C-alpha cells in the first residue's frame, strides 16, 4: 500500500476490512502506536479462529515476511570482520535479529496478549514436529519468553481452599503425576496436613505456571496410597500437621505447554523448602515420593536384550502379567527383593550419556537431592504398576548437602545415594 | 578456579570470601541455580556500596569478561554465508549475543533485582557520557529492558489521596514540569477536579514509571497559575468537576532515569483519554497546557544570528531583562503581539531535521495532537518566564483526527495547527 | 471466690483449672479485660465440645445466674412511677436488661466469637422448642444480633467462579430452593448468563448470610428445568447474556440458621435489582421464578374439606398419584386448565389472617412484587411435583410500581396481580 | 397523614417535598423498607446542613416524638410485678426502650450512616452540656454504639508509610500528646525504629478510632525530645531497630470525639504488646513515656493551700516563672531533687476518691502497669513545661505482673511502683 493509501485507509476505517496478511504487513509499517495495537488485536482475534492449516500458514507467513535485511546483515558482518569491537558485535547482533520478534512484542502489548502468545507457542511446538521449517519462528518466541518469564518476575503463592475456584480447577486439569479425582480429592490436597504452592506470572493472572504438592508427615512416607487416597487420614489432619517433622513432595506439574523448555521446577522446590522451613520450623526434613517412570520401559528392553538373569526374568514376567495380584506377595518376599534390586540398579547405573536414564531421577539428582529409599507396593494405580512396578522412591533434599551434591553430580557425574539404597542394587540375582 | 576447588569452596562457604571479580566470573560457571543466585545477590549488595570509580570498573569488567566467543561467531558467520537459512540467521544471532546479557538476567532473578538494575542503568547512562566504551554494556541492558518493560506488562493506575504515602512522595520528587510545593499542593493535584494516572510495572512495586496530571475544566484552560496555584479553585472543585467538559493535561513526568529511551508517554496519554472518556462521559475534549521549553534558547540564537527584526529584538530584550514586569503589559498590547507571533513561528516553522525544534512540540505532534492556541501570560514561574516567555500552548487531542494527524506528521512532516494558530505566525513584524 | 483468692488464682494460673460454671461467674466479676477475655475464650472452647444436655445446662446456667437485680429494678420502677421522665425511662430500661447480655458481649470480643455466637443461637433455637424456659436467653442474643447485623454493616458481593472455593462450597450446602448438583452445576450457576449475589458481614468472613441467584434471559422464563438443568444452555451463555433483557431470580436462600428472624431478604433483592440495572443497562425487567410451596398441602386439606368440585378432585388425584406421568398431558389440556385455576385461586384468595397463605407469595407480595404468570410443567423435580404440582410462578418486580404495590398490600391487604393471572382463577370448574 | 394520603404521596413523590419533622415521623410509620431508607437518607442530608439551633431542635424532636408507649410500659410493669419471670423482665425491658433507637438503627442502614451517627453523637455531647434534657437521646445512641463498636468488630492495623495518605493525615489531625509537625515528622513516626498501630471499624473505613505510637529503643527511654524531635536519630534507625530491646509507647490518642466513653485504649496497648512480642522477639520490655498532665494544676492548688514547704515553694516559683531557663540547672541539682520528689508524691499519694488524681496515671495503673522511673528535663515543649514541669514518667507493662497489678489496683487500691520511684517521694523537703 502506498503511503497516501495508508493515510486514506486509516481515515476511512478500511484498514480493518482487509485480509490478515495485509494487516500483518502493516504492523511494522504504520507508525501510530494506537492504530498498530488495534490492528494487532484484530489479527489475534482472527488467529483464535484459525484452523490447524491456517495456523501453519500464519507461522510460515511470519517466517517469510519478517526476515532480516540481508544487505544490512552483510554490511554488519563486513564491519565486524574489519573491527571486532563490542559495538560492532552489538551491531551484528541487532542486524541478525529477525523483525518477527517485534511483531511478537506488539502482540504482547494487546490486552490479553501474553496468554494468547503462550497458547500460540503451544501450537508452534505441535506443528513444528511435522513442519520443522517453522522452528525459526519458535526461536523468536522462545527468546522473548526467556526474557519475559525471568524468574524474578514470578511469584510463589500458596494454593488452598480459599483460592478462587477458577484457579483450583486448573490444578485438577494440570495435575500430571497422581490424578485428582474431583473437588473432594482436591480439597484434601490443599487442606490441613498438605501444602500446595505455585508460581504465577503477573501477565497470566489466575494461571498457575507450575505447582508442587507436599504432605506433612512424621518421618519419610513410603506410600502414595496412604498419602492421598486414604480418606481416614483426613480427620486427624490438623493434629498430624502439628506433630509432623517431614515434608514430602509427591507431585510437581507444569501447567503451560506453551512454556515448555523454560524450566522453573528446580527453583520452585527450593523456594518451597525455604518457605516451609520458616513457616513451620518443626519441619526438619524434605523429601519427595517419586515415580520411576522409565523403569517399566527399561525392563522390557533389558529383558529383550538378555540382560536379566533367569530368576529376574521370571519375576518380571509375573509382575507384568498379573497387575491384579499387586502387591505380588510371596512367602519369602522374593518378588520384592528381585524387583527392588533391579529398580535400584536402574536408577543408579543405567544412563543416557552421563546422566541417569530415568527422567525424574535426572531432575532431582541434578537439583542436588539424594536417592534415599525405595518403597515397595507404594502405588496401586494402573499407571504406577505399569511404569514403576508399583514402587516409589524417596529423593531427600538435605539443605546442608544439596549444593555439594549438585555440583558433584554436574561436574563429576556422581549419583548420590544413601548406603541402604546403594546396597539394594548389589542384591541382584 | 579449578572444578575441584569450586566444589571445595561451595562446601566450605569460601565462595563468599573472595573479591567481586571472582564471584562475577563464577556466575556463569557454576551450575547450581540456588548457589548462583546467592552469589548474584552478594555481588549486587557490594555494587550498592561501590563509588563512581568502582562502578566504572564494574562495567568495564563486564565488558571485557563476558565477550562473545570469537571463534564460535566466526563459525556462525561462515555457516550463514554458506547458507543464509532462517536457522542459520538465528544461529548467528545467538552467537553474536554477549553472555553479559545472561549476567543481567541472573541479577534480575535476585529479589529486588529489577529496581536495582534500573538504578544500575541510570549509572551506566551517566558514566558512558565520559566513557563511551561502556555503551556496549548499556546496549545489553537496554535490550533486556525493552523486553521486560513491554507495555503489555504495565498497568495504568489512578493516583489519589487514598494512594500510599510512599508512592505519593515520589510524585513530589519526580514532577518535572510544574514543581509540587509540598503535601498540601500534592493533595490538591490528586483531589476533586483533578486526575493523576501512572504506569506501574509488577517488578517495581510502589514505583511509578511515568505519570500524567490532568485538570477538569470548562473549556480550554489557558493559565497554569489558575489551574494549580490558585487556592480559591479548590473549594468548589467538586462542583466544577461535575460541570467540566474538558480534560487538560498539564504535566507528564518520567520517574525512572534508568528507563530513559524506553518510551511510554504517548500510550499513557491515549489510555488516559480512553479511561476518562468512559468514566466521565461528560468530558468531551482533551488538550494539554504545555510549556515551550526551547523557545527562549532559540530566541537568543535567532537574535545573535540577526534573524529578528529591529522591532522584535527590542521587545525580546525588554521581556528578557525585566522578568519582574511580567506580564509586560503595554497599552497597545504590542509585547504580546510580537512575542506571540515569534513563538507561533518557532513552533510551526523552526525544525531540527524534518521535525519541530521544540521537544514538547515533537512529542505531542508525533502523537497526533494539533497546535490549538497560544496563551499569553500563562505561567509566572521563573522557569516559565525564562524558557517560554511566560506563555503556554494548548495541544488538542481530538479522537477523530489524532491517527490521521499522526500519520500525516510522520510520513509527510506536516505540523497540524488550528487556523487561528497559523494566523498568529503571519503577524511577525 | 473471695477477692484475695481471685488475686491468688490469677497469679498462679489456677483460674483456668476450674469448672466452666465458676469461670462464667468470674466473667463479670473480674476487672482486667485481658484476663476476662482469656476466660471467655476458654469457656467458648469448652462449649464447642458440649453435648446437647450440657448446652441446655449452659443456657439454664446463664438464665439463672445472670438475672436482673430485682431490688434495683424495683427501685427503678418506683422512680419511674414517681416521675416518668425520659431519664427515668432510660434508667428503667437499663435496670431491666439482664447482665447476660454483657456475657454475650464478652463472648463476641473473643477472636472468632461472632461465628460461634451465631452457632450458639442455632443451638438455642433448636433447644427452646422443647425447653421454652430458655427463650429469655434467646431474647438477649436476638437483641444483640439485631444491633450487630444492622444492614448498614452488611456488604453485597457478587459470587462468581473467581470466588474462593471455601465460600462457593457453602452455596452448595445452603441452596434451599433448587439443589446444586456438585461443582459443575455450581460453576454454571455463577458463570456467564447467570448472576449470584450474597450479603456478607465483616465479622463472618467467608460466610454468606443470604444469597440470591438470577438468570439473564430474553423475556420471562417459565421453566426452571430450562434455566438450570439444561446443559445445552451453557455454550451460548455469553451470547445470550448480551441479548438478554430480563433478570429472573430463581432462588433465594438463607445461610445462617442462627440468624433466623433477622431478615435481610427483601433488601437483598432490591439492592441486586439496582446493581444489575446500573451494570447491565439492557436488562429492563426483573422477575422471579418461584415455587408455590404451600399449594400441595392446601390441596390436600381443601379436598378433605370438600372444597373441590368433583372434576377438580379427579384431576388432583391423577396428578398426585402419578408423579411419573409429569407433565400429565391430555389432549384437551384439561389437567393444566384445572390445576392452573386451582393454583391461581390458592395464591390470590387463600389467606392466613390478612396475608396470603403461601409463604413465598407473602414474601414477594410484601416486597411490592406482582403476581404475573403461572407456568405449567416448569419444575420436574420430585419436590416441585409434590409441593407445586410442577408449576412455578413469576412475580414481577416493576421498579415503578413496587413501592405503591407494597404500601397497598400492607395497608389495604391488596394482592396485586396481572389481568391474565386474575383471569386464571376465574376458570375454576 | 392518613393512609390514603401516604399511598398517594408515595406514588407522586410528594413524600420528599415536606419538612424534616414530617419525614421523621414517617420513618417508623411507613412499611416499605426501600422507601424508608430513602427518607432516612434524605433526613441525614438535611441534618448535615443544620446549624447549631436546628440540631438542638432535631434532638428535642427525637426526644419528644419517639417516647415509649406509657400505657404499654404500665402494663408491662404490672405484669412483671405479678410474676417476675425472665420472660416478663424481657417484656419490661422491651417496653421501656424508646423507639428512638429504631430511628437511629434506620439511620445506620443508610450508606455512610455510621460515620454520620458518630458525628451526630459528637454534636449531642457538645449540646447536652448546656441542654441536659437531651441526655436521654444520647443514652440511646450510646447503647447502640456499645453494641456496634464491640471490640470483636475492631481490627488492629499497623500504620506505616505505605498507608494511604487519607489515613495518615488523620494522625496529624488527631495526635493529642506530642503534636506532629507536618509530613516529615509524620514519616519519621511511622518508619524504621518506630511503630504505629490503630483500631479500625469496618463501617468507618479509613477512619482510625484510636492509635498508639511506639519507639524501639535500647533500654528505657527518658526523653521525648530524643525520641521524636532529634533528626539525627533517623539515619541509623534501621540499625538501632535491630539492636533494640524495648518498646516505648509515647503517645496514645483517641480519634473520634463521637465515641467518647466507649473506651478501647487498654486493650489496644495489650494487643500491640502481643503483636510486637511475636513479630520482634528481641523486644523484651514494654513501657510508656508519659506526661503527668495534672501535676502543674495540683502544684498551684497545693501551693495556694499551703501544702508546700518554703523550700519547695521557692523552687516551684522559679520553674513556673522561667520556662525559658529549662532545664533549670543548678550546681547542686536541687531543682531536680525538689521537683522530682513533689511529682513522685503527686503520682503516688494524691487521689481522687480511691484512684490517683492524675488521669494518665489512672489509665496505666488501672491497666496493670507499674510506675517505674521519673525523667527530669525530658520534654521541652511549652505544654510539657507547663503541665509536667518538663518531666515524663515511664510506666512499665511487665507481662508477668500486669494482671496481678491490675487486680491489686482495682480491688485494693494499690499503686504499684518500683523501689526507686517510691524512694523519690520520700525526699520531699
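In order of appearance the chains are A, B, C and D, and numbering begins at 1 in each one.
What we mean here is this: a residue touches a chain if its C-beta (ideal position, glycine included) is under 8 Å from a C-beta of that chain, and two chains touch if they have at least 3 such contacts.
In this text the structure is predicted, and so the values were computed from the model without any measurement.
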Check: Same interface as C-D shows up in which of B-D, A-B or A-C, over half of contact pairs matched?
Finding: A-B
Next item on the list: Could you tell me the distance, in whole angstrom, between the mean C-alpha positions of subunit B and subunit D?
Entry: 49
Note to self: Distance between subunit A and subunit D based on Cα centroids, please, to the nearest Å.
What the structure shows: 58
Item checked: Intercentroid distance (Cα basis), subunit B paired with subunit A, Å -> 39
Next item on the list: Give the residues of subunit A that touch two or more other chains, as numbers and ranges in rising order.
Entry: none
Item checked: Overall pattern in which the protein chains touch one another (line/ring/star/complete/other) -> ring
Margin query: Let me make sure I understand the interfaces: which chain pairs count as touching?
Written below: A-B, A-C, B-D, C-D
Notebook entry, point to check: Of all residues in subunit B, which touch subunit D in the complex?
Noted result: 161-166, 168-169, 182-183, 187, 206
Next item on the list: Using the touch definition up top, name the residues of subunit B that touch subunit A in the complex.
Entry: 3, 6-7, 10-11, 30-35, 63, 67-68, 70, 73, 77, 80-81, 84, 86-87, 89-90, 92-93, 96-98, 105, 108-111, 113-114, 133, 135-136, 139-140, 144, 146-148, 150-153, 202-203, 266-267, 270, 368, 402-404, 406-408, 410-412
